[in-house]
Amino acid sequence: MAFRNSEGLKMKANPRDVRTGTYYMDGDIAAGYGALAAGCRFIGGYPITPSTEAAESFARIAPQSGAVFVQMEDELASVASIMGASWSGVKTMTITSGPGYSLMMEAIGLGAMMEAPFVILNIQRGGPSTGVPTKTGQADMMQSRWGSHGDYEVIAISPDSPQELFDFMIKAFNLAEKYRCPVMVMSDECVGHMSEKVVVPPAEEIELEPRRIYTGPKEEYLPFKPDQDLVPKMVKAGDGYNLYVSGASHDERGYPIIYQKGKNQSDSTARRLVDKIRLNADKIIELHEEKLDDAEVVVVSYGITSRVAVRGIELARKKGIKVGKLRLVTVWPFPDQRISELAAKVKAFVVPEINYGQVVYDVERCSHGEANVVLVPHGGAGVHDPEDILEAIEYAATEKKKIRKVIIRKTRLEKKVFGGGLK
Amino acid sequence: MESKEMAEKNVLPKDVPTMDVHPMDDVLRMDRIPHIWCPGCGIGTAVTAFAEGLKKAEIDLQKTCIVSGIGCTGRVAGYVKLDSFHTTHGRGIAFATGIQVANPDLKVIVFSGDGDIMSIGGNHFIHAARRNVNMLVICVNNFIYAMTGGQVAPTTPHAAYATTSPFGAVEPPFNIPYIADSSGAVYVARWTVLQVRRLTDSIAEALKKPGFSVIEVISPCAMYYSRINRLGDGLDMMKFYHDNTEIRHGEDTKNLDIGFQTKIIVGKFVDRERPTYMDSYNKWLSGTVKD
Amino acid sequence: MNPIITAFANGIKKSGIELSKVVVVSDIPFDPEIIKELGIDFFHTTRGRAIAFGTGLKLGNPELKVVAFIGDLMTIGGNHLVHSGRRNMEMLVICVNNFVYKEIAGTPSPSVTTGFSAFSTFEKPFNAPHLANSCGAVFTARWTALHTNDLTNSIAYALPKPGFSVIEVLSPGPNFYQDINKIESELLNFYFQNSITKNKEDTRNVEITADEKIITGEFTDKKKTTFIDSYNAQLGKILGDKFIPLGGQNE
């Protein structure tokens, strides 16, 4: 009974949805199990390597819980259908990878404007365009934040193991219901196709965020009137509330502001969509920090790279370098404040990414020139070697000058394949 | 000499002509052979028929382009020695329209699979047919999304199994010749990869015909469709086609549905004339724009 | 638009369907006051995606009756139309055809020459009932905006009918015309005068061309298993007791 509680009361997962047990499974399949455990009742999807297994695993276990998986004709239809399902009262998500993610951008803007809660699982792959479909990449990070046109904010979380793919699906649905914004789970092919131990806990231990339902009198309902935390209460279609939900900029009744005669037509909708996340950022942002107390160099990473970084940090500590780890569990909204604080204390940040520089520019922005920022790029189709991160940490620890731009330390593979250049 | 001795000495009998090059060398990219398709796949046969059809039609190969999408059949462009384009998923027909309209001398062929052309590319398909853009679309139908691992396709027969329909396909499948016919294609045919010679003739005929032509080629998928549905391997599927196809030229396209392991009707169904897109365009503009 | 909305409202009343369960999805921005008077839920989506959006609404809550008012059915929405017809997704699609967006316009008719662009399209237009029929729609019809009674009856019949139904309504769009009031009502009248009703006509023959009369009427009316029924039947057969059918559960 996902939607009968009013706000503030957490609820437990339905035991029918949760396949309790200990498994050895792929990340993708764990994501399918996690989605059902979170209460997802509709997935409109389209097959794309490397994310198809998530859709397949959901299709196998969904009918026994009354959930539906429909393979739509393309990604455009998939994402449009989950908006509709969201407004008809169910938790929904879709599953895709790079090329499909680009197709979904228009509808993500629509979902942000309509404040429909939904989750998109993006198992990133080599890009751009068709790229390398069967190998890993992390090059969609900026697109998840800025992909659609206009002003809006999203939440993006990045898991680093199949167990986390299961847990983060639940976390993503909870965030989506709480903030009514698009939530992107930015995984990658390495984690998606990795097989590891996944423990699915019993249903009583899984806490779900219920949808915030309006329970007052019908005539007084204003679909877009926000609560204290700037998130409005929701209802579902077909209950006699006479909804008007539009992708156009609207007022509290949902009516497009072009219909307001004589009023000042400044767009206040986008302001609230943006503030909703920015002002609640401290409650949303989650970071994993290790060994930061005496650190002189901080390795900022996310996703699979953070696991490689752990080894790199270990090797560096053995050599006596004081290095700490900052893992971005939530990549968006970006932890501006924490990075700024650290920038005042440490010498440098090392940012390994499986792309040619995306999140590193936000790190540089927030460091305000007080610490060096070193990027370790990787072209994709594989992950970093811990030695590459070690080399970058060593450089960062010994560099005395303040260099006012992102310093690129190439991996040994890059140097071997491309030689010099790329500075 | 005895044939056994000849085989040992690696010598051919005198009256067998020898060639230094393979007869398909000028149409296939030999440096990319061996190809990636599975044993028991019908796409290779379709490509051979296509190569033979190209030669039979005697069109200028320098002025021919082939466009493919994503998928197993989408790899065809990489193995054929024409100007090849391997585009994004489903957009092959739109891409080909651009080539054709910008340079009407080029003959464009779109060679792609059922998921690529009918699912995500469905919109482009019906609009190009309506406009009667001058191109040949060869749609290899193996009833499944093979490249991504065997998901259900809009052509998968009802109740057949696939990875995303683990309890049987729920939706009724498309009837590709019917859609092509209703949208306005001028030449519509369907063959299986068993009928290679008829397929070759069909391709040769369609290549010379101006307008939007569609040839559906039914092919086995030994790795996914046949395996998941316990239909045997490629050879078993070919035997099935042998026993269960019926050639009916000119049949009304409404009756061409394909169910799970039912009779398949093949043949040439539609062959008509319509002004092509560029003809209408030129005629209209010369009528309205006075110079 | 207004005669269409009146016909729609009367159609809902006549069909006896509970008003609160009717949901309209559209890419045409309706005036909110009209929606308030109609008393239904309304979703305004991006161009052409109303059918996909409606699919999600219907499958999320199978009790809803989804109506997609779509202007851009056959261009951006073409793929969704074709596949939803194939699935026989239960919804009613009302295509408001105003001949302006180029897919539909034919040659300009002789009596309305002012205001049309000189480069009117040369492309052959889509025959909407025929396209819908070949994609598997169970009910297709075409009326002009002035055929209010017929339109009401068609909507009243199609709304409770299970399956994918398409009603095309010819109505002038005010965009390109100079003297809106005069030409709009003149065009409305023109469509009405030049139409001839032929029910049960084969959809292949109902193309709109410049020289002949526009053929209106209810063309297709057949029965086909809907997506939800097919889904429940197929999965019930395989899974037996473990399966929870769509439309029965309350989650």
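When the chains are written out, they are named A, B and C in that same order, and each has its own residue count from 1.
Criterion: a contact is a pair of C-beta atoms (placed from the backbone, for glycine too) under 8 Å apart; a residue touches a chain by one contact, two chains touch by 3 or more.
All figures in this text were calculated on a predicted structure; none of them were measured in a lab.
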| item | value |
| --- | --- |
| B-C or A-B - the one linked by more C-beta pairs in contact | B-C |
| Most widely separated chain from subunit C, with each centre as the mean of CA atoms | A |
| Separation of subunit A from subunit C, taking each centre as the mean of its C-alpha atoms, in whole Å | 38 |
| Geometric centre distance via CA averages, subunit B-subunit A, whole Å | 40 |
| Geometric centre distance via CA averages, subunit C-subunit B, whole Å | 34 |
| Where subunit A touches two or more other chains, by residue | 63, 73-74 |
| Contacts with two or more other chains, residues of subunit C listed in rising order | 79, 82-83, 231, 235, 239 |
| Junction residues of subunit B, two or more chains touched | 119-120, 122, 154, 167 |
| List of subunit A residues in touch with subunit C within their complex | 1-2, 14, 39, 41-42, 44, 63-66, 68, 70, 72-74, 76-78, 80-90, 92, 106-107, 110, 114, 236-248, 253-256, 259 |
| Contacting residues of subunit B [partner subunit C, same complex] | 119-120, 122-123, 126-127, 130-132, 154, 158-159, 167-174, 178-179, 181-184, 277, 280-281, 283-285, 288 |
| Complex contact set, residues of subunit C against subunit A | 19-21, 23, 25, 29, 31-32, 35-36, 39-46, 49, 52-61, 63-64, 79-80, 82-83, 231, 235, 239, 242-246, 249-251 |
| Subunit A - residues contacting subunit B, complex | 45-49, 52-53, 55-56, 59-60, 63, 69, 71, 73-75, 99, 129-130 |
| Sites on subunit C touched by subunit B in the complex | 75-76, 78-79, 82-83, 86-88, 103, 118-119, 122-124, 126, 130-131, 133-136, 204, 227, 230-231, 234-235, 237-239 |
